Amino acid sequence: MTQLTQQILSGVATGAIYASLALALVMIHQATESVNFAQGEMAMFSTYIAWSLVQVGTPFWIAFVLTVVISFIGGVLIERIIVRPVENAPVLSHVIVFIGLLVIFSAVAGWIFTYTVKQFPSPFPTKPLLGGAVTGHDLGVIGVTFVMLILLFLFFRFTPLGLAMRAAAQNPESARLVGIRVGWMLAIGWGLAAAVGAVAGIMVAPILFLDPHMMSGVLLYAFAAALLGGISSPGGAVLGGLIVGVLENLVGTYLIASELKLTMALALIIIVLVVKPSGLFGAHAVKRV
Amino acid sequence: MSAAVAQYVERHAPRAAAASAALLDVDGVTVRFGGIIALDGVSFTVGEGQIVGLIGPNGAGKTTAFNAISRLYRPSAGRITFDGTSLLDLPASAIAALGIGRSFQNLALFRSMSVLDNVIVGGHARGTSGFISDALRLPSARGEEATLRARAHAMLGFVGLDALAHRPITSLPFGTQKRVELARALASRPKLLLLDEPAGGLNHEEVAELGSLVRRVRDELGITVLLVEHHMSFVMGISDKVVALEFGRVIAEGTPAEVQADDKVISAYLGKAR
Amino acid sequence: QKQYGPGASDKEIKIGNINPYSGPASAYGTIGKAIGAYFDKINDEGGINGRKIKYITLDDGYSPPKAVEQARRLVEAEQVLLLFQSLGTPSNTAIQAYMNEKKVPQLFVATGATKWNDPKNFPWTMGWQPNYQTEARIYAKHILQNVKDPKIAVLFQNDDYGKDYLDGLKEGLGAQASKLIVAMKSYETSDPTVDSQVVALMNSGANVFINITTPKFASQAIRKVHDLGWKPAHYLNNVSASVSTVLKPAGLEKATGIITSSYHMDPTDPQWQSGKAYQDWLAWMKKYYSAGDVASTFNVYGYSVAQTLVQVLKQCGDNLTRENVMRQAANLKNFQVPMLLPGISITTGPDDFAPIEQMRLQKFDGNIWVLFGEVLSPEGS
Amino acid sequence: MAGALLEVEGLRAAYGPSQVLHGIDFAVEEGGITALLGANGAGKTTTLRAVCGMVDRSGSIRFGGQPIEKDSTESIVGLGVAHVPEGRGTFVKLSVEENLRIGAYGRRARDGVAADMERMYQHFPKLAERRTQQAGTLSGGEQQMLAIARALMLRPRLLVLDEPSFGLGPLIVASIFEIMGAVRRDDRVSILLVEQNAALALELADRAYLIETGRVVMSGSAKDFRDNEQVRRSYLGY
Amino acid sequence: MAATSGLATIPVAASGTNWRRIGVAVAIAAALVLPWLVSDYRVFQFTLAGSYAVALLGLNLLTGYNGQISLGHGAFFAIGGYTAAILMHRLGVPYYLTILPAGAAAFIVGVLFGLPALRLENLYLALVTLSMAVATPQFLKYFDHWTGGSQGIVLRKPAAPTWLPIGNDKWLYYQMLVVLLIVFWAGSNLLAGRTGRALVALRDHPISATVMGINPVFYKTCAFGVSAMFTGIAGAMAAIATGFVAPDSFNVFLSISFLVGSVVGGIATVAGAVFGGFFIQFIPNLANDISDAAPWAIYGLFLLAFMYAMPTGIAGFIRTMAVRYAPKFRTAVGEQPTSQPGSHS
């Protein structure tokens, strides 16, 4: 196998990592019209919950389901208790609350679980495939990411709840006027995003290894992926993730200044966004007077 | 009327109402949004000193025409000439300096500002101070600031809102905000004023007052007016000329009486009543 | 008779420390806490020459300007006798001029850069651990002696730590360095994985892989090298030589054959766990630092370095001036630290501000690190 | 006025420190139409917002005999109150069709949504042409139609309309007043109406109230109003 | 018209300028005597806080007044710091002559950056600026010939002239205070004038602002440039005060702290920049004093607590209180009378 194929395959594998967290970002954006910068740390924390469950002997898939449920509840509670009081504050104040959450989760995880890197079990066969370019686990991650993608797509496209959630995020006052419980929509949106994030965390932890900084690097890539694909589109986020993963590898391998590969990859994304400001698949929201 | 208004009015002595030269010439303008043709080869003129009414059913393209003149939309065909200058070569931000002011159908005020600041911003095109002169508070910038401020007060006085100058804009009722928009548009000393549904949300008495206000804009300030309005008695009462649009095309043009009697206008827009 | 500098008295000795308890490098914060826990133990046992240690540790978030500020607080407001084990090359570089100007000991800094051994220009600054360059030279020498026709690929962290290793490696390889090193790839700590770098390095056709990475990335690289079916002579830097936190996550079978060099015991390596040194350490961890991780080598590091300082202060006796502290720090003779590897000890002198200079090579056999060869010191390598 | 669907007594409301309504009483009969008239800034919009819990309020509001002055907007809507707000409240990033669909979100009877949607498209053919268009790009009048259609999708018991004719052409205005008449007649929907086109409003309404600076200064049957000199001058123009 | 008379009942002071003047005078007087009341180490901290305040004024101008969010202002801080350091270290330029070039360099980069940013809004701009913050240390390491790579550059700290009876820290403090006062004077003039209104108008309603004749390309790009310039000047101030620059001094968290500081201090206010400067300088220390086990968690709690208690920041809080308890002061305490960018309608 040539290096090119290897790099592309391994880029797809890392891209799936970005994609899975990008889906959580799409979820929270659809539900709140903003991006929660603590999403990555919350996913990391969920993964520690799963890890603790597995440590005490819970079978993997049961720990998985429990973690997703706990994360959902946790997300709802965070919205209700922490975000709710600043609901009517300016958007930038929300950003500060997100940053507050980020540092709290990061510090508390380090405090409880220490910073020592932990191994996280994979539910899939971890055998290397295709000359070691990917492993069975990577394929599993890609599969799970696609399942999440389809679920999110169906949720937003076909369920009244999905529509209500988008409506509540866009225009809370009007949403109340059609009988939507805006507060609950936000809470459920946080819950679902936390649940999606938990899945992402559990899927990527066997690859990245679990430590309190596990997601801090991923978040930027996931953010880039989500925006590249168009923040309102789950499919775009996944494709964006894969593009970012592959692009980064190719830039890092074939450009001379590999120290600048992140910079280069980001620069390319910025160029795409300047040309197409709402991302590859995002619907451009026209503003008129 | 405050002294500033009086002074201003004096400087702009009333002009002949029925001047012949076309101040604005819209010629064969087409605007498309994907498959939707919002304007389809629209042509009309607005003569200097006239009040022209632009009417038509909802979605006929009236606001789109305004937006094309403001250069917010790029027509795919046609020409728009103002006072001898072709507008389509200019960016939207250059239009105000030429002397075109406008109000918006749905309020487009600056939400965080006071009433007065909103109106001062309206005069932006008449200022020249830049980053450096503002930062260093050069005498030129200070003088200009005083002029803009005085003019904003004058225009607020003109529309009868000077008492509200320091109120936050969002605390005003809808109809009052529309009047602030009018003052803001006037603050740039335009030659042509585009008014998009200025009478929305006003009761009968208030509409009548607005009518005389618009006339005073023309008569005292010497400003040509192109206005969109669904309030028929208002439009027909003050316009020198009326242009009717439907589906992005001009279906009638003439004096209010002519247009009101036009069959196409009646069946598309006015209905049998009235 | 008794002599006291600032921060010292009949009752106590004030010691300042700066560590990144917040921010991207907070993983190292455990060192600062371990040191505090060791001083707790010393104080419980009656202190040093009857004086309790007052340990003031401040957070700099791994930010140099913050480190400057904290150093000034410790020196000017807290009036500490000395600054001990401040962490990170950038932070220590930022405060070095200040410390020397103020003539306050900047002892046993927690970084492996080479520049701390410079008594002529910076008589108040001293390192502790073997420097990265020395370690890299050890690998270079081993490669030249043991690998036939070496083609070397290097993975390194793109910062001063990685660059120091690279420099040492090039120096150790000598004139042919640029020919022997066929590929170099760096990563950023913000990179999620180093898979792509490893793929690229393998494709360079190298038969030697030098792995200059921190634990998480080391695990990833070890796993990826194995998965790709690449079988180079694999040298792993000491930073990541932990069995349970690096090799086990990667898979012990995948790590078999890796070579590293070390100077301290790996608390997760079974071969040490029955020894007294480890048992003492473990008892201390349990009693004084129960929140700490017994798998973390950082806690061994903090324990050992704290023991070194205690020795210096003991040697100071009743003369607790800053000058004497430096004099005694530069007067350690074959000081034995229990958790250092057998045969390794600490020696300093007026011209030798590098306390630990020796290392030993070891190879992973699938279970434990097996020491081989003699104790290596820079002159010897 | 026992048995009125909506009964409001002593309604007061404020935006922050500034009191806007100073005790307003009015009622809407079951199946009846009540119009509120008043000058620009009188407090009409505020009254409607207070009824629906969109502004700090006090006083007594009863809907179907049940007190709602403490209820949230969502709960009030859930009782069957649809509100066409000032400024239209379009969900600008949703399509026209989604806007209509969301209008049915709070309704009890889930069935018949599709049929109702078709009916709205018949009422407003302009919207049918624009089904998939992003609602924020509609013209002002089209958005007004959408707001009315969206409210009707709730199948409300009480329809609260804040200047429904706002920005609409004469023909459409006539047709929405026809629609209002029809829903009142056929579905027994009651209507609370703020409308500057007082002539039309008083033609349709049974009762009317005149509000000035946050107080009711006159109330009576629509006919009383049409005959009143002051109302004629300020609101009717004849 | 009849209705308007009723609207004018809320009393509004014509001007609170006097209160504002008094406040500023008191603050300046306090700043002048401060170094004589505290230790040199504190003086140094206040010098740093001052440099942060200048940086925040720059960020505030862009994000607060012009509505262009930046999560990457640490990059401009770095440009300023490194420009000063390179000029001093490699070219031997005296420290006080490096401030202006630092501002100029940051201005140029800011303008260049502002051009692509024109097309991007909100989240997209957040991503791009965040990327800038992430890339900064990498860039600095890459061009190690000039920047000294990851080793950074050690600078000699300026000493007070021998004829002046004050220590080096006070000397530096007063010089920095002068820079700060000049920047704040110019900044608040700018924001109070035609330019400032144009920036706010573009934030509040870009389309309407354009129709009023405000050129978005010019103003937004210049806003980026001027904002970067202020922050660059601040970077030079901090570099001179710290005596050291290194890539690690300018990590992502610095940029995030700037945003935190400007929001907590009070976005879209001039005074907020000062409060924010104090916040980012002193709150992490306070968190550390409360718990050296998990200072970051405490810091996070501080952020939450501040946002709960003062959702519009410290300056916004003071203004709200003043308006509530003394409506006369309404215009005395802040520049813009009401809400903020992006506040929910």
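Chains here go by letter, A, B, C, D and E, matching the order in which they are written, and residues are numbered from 1 within each.
Just so it is clear, a residue touches a chain if its C-beta (ideal position, glycine included) is under 8 Å from a C-beta of that chain, and two chains touch if they have at least 3 such contacts.
Computed from a prediction, not measured in an experiment: that's the story for all the values here.
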{"item": "Farthest chain relative to chain E (centres taken as mean CA coordinates)", "value": "D"}
{"item": "Maximum centroid distance from chain A, chain identifier (CA atoms)", "value": "B"}
{"item": "Distance from the mean Cα position of chain D to that of chain B, given in whole angstrom", "value": "30"}
{"item": "Centroid distance [mean C-alpha coordinates] between chain B and chain A, Å", "value": "48"}
{"item": "Mean-CA-position distance for chain E and chain C (Å)", "value": "38"}
{"item": "Residues of chain D touching at least two other chains", "value": "18, 39-41, 137"}
{"item": "Residues of chain A engaged with two or more neighbouring chains", "value": "103, 106-107, 110-111, 173, 220, 259, 262, 287-289"}
{"item": "Shared interface positions of chain B, touching two or more other chains", "value": "63, 72, 104-106, 108, 172-173, 175-176, 206"}
{"item": "Of all residues in chain C, those that touch chain A in their complex", "value": "22, 24, 26-27, 29-30, 158, 185-186, 188-193, 195-197, 199-200, 203, 215-216, 219-220, 224, 226-230, 245-246, 248-249, 291-293, 295-296"}
{"item": "Contact footprint of chain E on chain A as seen in their complex", "value": "29, 34-35, 82, 85-86, 88-93, 95-97, 99-104, 106-108, 110-111, 172-173, 220, 223-224, 227, 231, 257, 259-260, 262-263, 266, 269-270, 273-274, 277, 287, 289"}
{"item": "Complex contact set, residues of chain B against chain E", "value": "70, 72, 91-97, 102, 104, 108-114, 117, 120-122, 124-125, 127, 129-131, 134-137, 141, 144-145, 148, 160-161, 163-164, 166-170, 172-173, 175-176, 184, 188, 206, 209"}
{"item": "In the complex with chain A, residue positions of chain B that touch it", "value": "63, 67, 72, 104-106, 108"}
{"item": "Contact footprint of chain D on chain A as seen in their complex", "value": "160, 163-164, 166-167, 170-171, 173-182, 283, 285-288"}
